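Have a look at the structure below, then the notes.
Each chain carries a letter (A, B, C and D) given by its place in the written order, and its residues are counted from 1.
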Amino acid sequence: MEYRYLGRSGLKISALSLGGWITYGGHVDEDEAFSCFKAAYDTGINFFDTAENYSAGKAEVILGKAIKKFGWKQNDLVISTKVYFGLNNSAHPERPLNNNGLSRKHVIEGVNQSLARLDLPYVDIVFAHRPDRDTPMEEIVRAFNYLIDSGKTFYWGTSEWSAVEIADAWRVADRLGLVGPLAEQPQYNLLVRGKVEDEFRWLYEKYGTGLTVFSPLKQGILTGKYNGQDAPPPGSRLAEAKDKFTVAYSKTFGNDVWRRELDQVAKLKPLADKLGVTLAQLALAWVLKNPNVSSVITGASRPAQLQENLRALEVAEKLTPDVLKEIDDALGNAFVNPPRRLG
Amino acid sequence: MEYRYLGRSGLKISALSLGGWITYGGHVDEDEAFSCFKAAYDTGINFFDTAENYSAGKAEVILGKAIKKFGWKQNDLVISTKVYFGLNNSAHPERPLNNNGLSRKHVIEGVNQSLARLDLPYVDIVFAHRPDRDTPMEEIVRAFNYLIDSGKTFYWGTSEWSAVEIADAWRVADRLGLVGPLAEQPQYNLLVRGKVEDEFRWLYEKYGTGLTVFSPLKQGILTGKYNGQDAPPPGSRLAEAKDKFTVAYSKTFGNDVWRRELDQVAKLKPLADKLGVTLAQLALAWVLKNPNVSSVITGASRPAQLQENLRALEVAEKLTPDVLKEIDDALGNAFVNPPRRLG
Amino acid sequence: MEYRYLGRSGLKISALSLGGWITYGGHVDEDEAFSCFKAAYDTGINFFDTAENYSAGKAEVILGKAIKKFGWKQNDLVISTKVYFGLNNSAHPERPLNNNGLSRKHVIEGVNQSLARLDLPYVDIVFAHRPDRDTPMEEIVRAFNYLIDSGKTFYWGTSEWSAVEIADAWRVADRLGLVGPLAEQPQYNLLVRGKVEDEFRWLYEKYGTGLTVFSPLKQGILTGKYNGQDAPPPGSRLAEAKDKFTVAYSKTFGNDVWRRELDQVAKLKPLADKLGVTLAQLALAWVLKNPNVSSVITGASRPAQLQENLRALEVAEKLTPDVLKEIDDALGNAFVNPPRRLG
Amino acid sequence: MEYRYLGRSGLKISALSLGGWITYGGHVDEDEAFSCFKAAYDTGINFFDTAENYSAGKAEVILGKAIKKFGWKQNDLVISTKVYFGLNNSAHPERPLNNNGLSRKHVIEGVNQSLARLDLPYVDIVFAHRPDRDTPMEEIVRAFNYLIDSGKTFYWGTSEWSAVEIADAWRVADRLGLVGPLAEQPQYNLLVRGKVEDEFRWLYEKYGTGLTVFSPLKQGILTGKYNGQDAPPPGSRLAEAKDKFTVAYSKTFGNDVWRRELDQVAKLKPLADKLGVTLAQLALAWVLKNPNVSSVITGASRPAQLQENLRALEVAEKLTPDVLKEIDDALGNAFVNPPRRLG
């Protein structure tokens, strides 16, 4: 396993990590989930990512059980969770009110409930799962600092915030002598590059922002398994998923966006073949090559899938500057930033 | 004339203002320039915008002469200039070095030279004409605050900075107890909407950023005078311009971008006709309707052109929510941001 | 016993103190260790120094047991421990990752584990056992302040940091209104003088840095017991030691460095004889004479050794300015700094 | 000419620059000095370094005269001077009192007198010519900030300060929201490497410290002209110099230090021959290769000497990593710092 610092911090995390948005506590049963966690830990993965709303809280419960079951110690692990969408905690899901968003009330109540589900005294990182534009930034920054000061987490981060919101969080933190967000968790893959390569480009040096990126395979599109089809076949995960995020995405099935994405995947196939690797491995390895990425969050329904993903670490070594250029040329979606200092 | 506050400040500026990037000191002769300045002043325009590099410094010289000639007083005017591209100040234009950029040295030396050309003791606003990513933000913020503290300007702003750079300037200013940038000067018109409507959308409330926007007619395209042509006709300003900015733009003449823009202008024609106004008036009036815009900088080679532009103030009153929606529907380039607060 | 303030603080510690890097929990058995602790306490030593990695955690365990066994109260003791090298806490010593260094995670987890081993709710001082140049200084300073704010320690310090790193920690602490490092723990003895007398010379007045120095006898060399030998004789502690630090030092055995050091010890012998004291007592007494030293950490495998060391307090009174000058002349390794203020 | 940023600032200075400690205003007559200044300017050197005590103030007078004579403008120049040793300004040189050191009184009075001698309204950088350990750091930092705030200089720096003093200046500056020292001016050459490569190594990243280094040829030793001699021959500059610095250095003539230095120069000769360059060019080029060096201050008594020095810019391109390693191996005085971040 390769390890990297999470942004400008002293925290070391595995370059590949295990997440599980709708898997653990969801469509994967408990024993299979335990097998995946164990396989991950045994291959040196130390970073496990979850969230209060993954499988309505069940993802946290099962991760906590695994830690107990295998006798793992927190000093050997890096655990992150996320607070924002805590609908499931409310007795009135139709009227979530303060069971949602980034008010001081929900940030603190939500994380206390996450720790209860995980059965842990603290986690390593808590992410703000989305921006909350209705709560003042000062309230948000102070709430996460409260979590740090009270020992419930060591670091805090953001997920799917805009660059200017992250900069604003740092403005508030700097003015008040508080701790700013250490990491951001965006989507990043061969088809979705803008945030990481363009919008965030000034954050890395200015604020030391680290990235733990999700959807490296863009919900499976980058494995090539949907190529040649107008839409996900009945029974496939994309076709069956009922979560809001996938339902929104499903509106593209069969339309121009869908076709354009499959076309781009098709262009990558000859490059993967030439390297003797699968499309999925190429896609994961490509994300690993970005030096601003601290960890690539992968999912796995079976230990075998995880082993398959791990091979991306070796594949990354094959991605020379020439190969990376071939990929950019094939996709035509790279962001080119001008060089900075005097030659 | 209508007046607006410049962002979150007490400074009142005319909603239409007079700029002159390549006109005054350039292709318009001195007497005609004086006539334009006088006509503007007489119709109530109080905000005049220039820059150290407009016509290689001559734009500032002629504006200063006009102020003297007509006996105007600074308390009745709002003058802005911009520092960044001070090639003209160097004895060695081929080696501009510190005559350029936003180092403390050039910000202070450049503005001193601008004031000498204007023959004024101070201006009201100095804009940083572009971001300088090679100079530390703290150096930049401190340099503009020096200008304020030494009485050379009352406010400072930015031009064509990214939202995250503006946020970062505020971070540094807030941390050090200094003054942040009050205004941004971007391009904004019916064809170029992204910065003002999307990227900057959080700045207005957070930092009180005011906008003084340029190119409301997108270099004449929005007057409709190029419609039906593959490229600007010989002799037109777009065809003859030799400045870097227009030369770069000229690469689009005749290509898909050019045609798409002319198509969009064509779609606006029936709407203008229905309102009984020219395309130019519609375009200017539309910019005026954006409440985040403090002033729309217009150019004029003749007083008559200015009078024509001024009618946009009345036209703006005809732009009801329904009409604005028709425009958005015709162009299909609006940015829709979700409503914020509860209720 | 003589007591001194620890740097610029109100904390009073014994000028001689008891440490135990590889002794307690290591080659000295538990009963003998208890005897040493008791003898130290009974002669008025109140400062006991340990570390998370001394004898892989066992040094802390045995010190904690002694405190319980003899019914000592924390208000009569000053206990320090150190965090950095916590390999022993990891289930995977070959992959220590976050069980090491000065990340917020390890500083807090490591000290919590130290307190568990000591079975104490808090210690008086936690030292950062080495600089961690891969963790931002702000993260380090904040982590130690968390320990203070949460009542786990009263003060924090550094060990074997460079002067510029200590100054930088104070810069961060001062900027954020946090507590800087109170004390540094370097090596200091008649043969190793540079850090304390030269590099650190500006720290004492600027930051009030106190010193708790280790290796006053330079691992026994200054007792003279190795003189006349090419290398430590088989069975001696230097010959048998397996720790990394001594193994690195062992590379000098028999070479020029080794011979030069024994030569210097030989030059001290006549001076010790003239004063009627042993070389070890002279060496300890000499360290005590440095007014920037708050405490000299000594080791003892037997109570008798401790009593022998304690005589250094009386010997120190014999070290008049003339005698100190004789020592400097004999060794030729003094640092002479110019006098400062106007005469 | 090659240009570099001065540390972490937006100021661009020539990689080779012209200084003149005992030359201009000293043993070189005015016309020859003017020829040197002109030759420097014409080859693109924009950075000229002087000090209040160089040739008792005459160096500043002659530099000011040259600027007037040739009609140079300050926006095309970067001028630095230094304050500390202003003995010459006192009517009572035997009782300098406040004509010396870094009290607020002398920093401000001294720089005002320097500006009068230069006949300039401001300089670009003022260096504190030595540390003044009798004046509180806060007084020093505030005095230099006064110079910046009152427009007498754009930046301030230090010369021959220790790393911990520079760090302490930053501590004071950060605590008070003031500007810290941008640059340090130390000696640096093939024979004197410790400060730049070892002591200062943490400053570059932490504080963005730039270096303008002096004595790249170590007062001529590195030209090889003294090799084969027990001491500088009568009539040579080293033999005739009467300034305190050279007189102190002269104590080494003929002794072990002298011989060791000449031995090291001799070892460089074959390397210079192999590259087909002079020893002086090799020595200058080697200093240029250090990326932490912003400018190498050279002296010249005649324009021809300057042209000779300028060839070092091309020679630097020949100093490949392999050649640099050969030099390190020959001299045996390189500082090797361990790599930092995780591999």
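FYI, contacts are C-beta pairs under 8 Å (C-beta built on N, C-alpha and C of every residue); 3 or more make two chains touch, one makes a residue touch a chain.
Chain by chain, the UniProt names read as follows: A, B, C, D = Mitogen-activated protein kinase kinase.
Owing to the predicted nature of the structure, the values given are computational and were not obtained by experimental measurement.
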| item | value |
| --- | --- |
| Copy pair chain A, chain C: interface residue numbering same or different (half cut) | different |
| Greatest separation from chain D - chain, by CA centre | A |
| Distance between the centres, which are taken as Cα means, of chain D and chain A, whole angstrom | 51 |
| Chain B-chain C separation of Cα centroids, rounded to whole Å | 66 |
| Centre-to-centre distance between chain C and chain A (centres being mean Cα positions), rounded to whole Å | 45 |
| Whole-Å gap separating chain C and chain D, where each centre is the average of the chain's CA atoms | 40 |
| Per-residue overlap in chain D, given as positions that touch at least 2 other chains | 3, 5, 12, 341-342 |
| Contact footprint of chain B on chain D as seen in their complex | 3, 5, 8-12, 44, 46, 72-76, 78, 124, 148-149, 151, 154-155, 177, 179, 208 |
| Residues of chain D defined as touching chain C within the complex | 133-134, 137, 162-168, 170-171, 174-175, 199, 202-203, 206, 340-342 |
| Chain B residues within the chain D interface of the complex | 86, 89-92, 95, 97-99, 101-106, 108-110, 113, 132, 134-136, 139-140, 142, 146, 149-150, 175-177 |
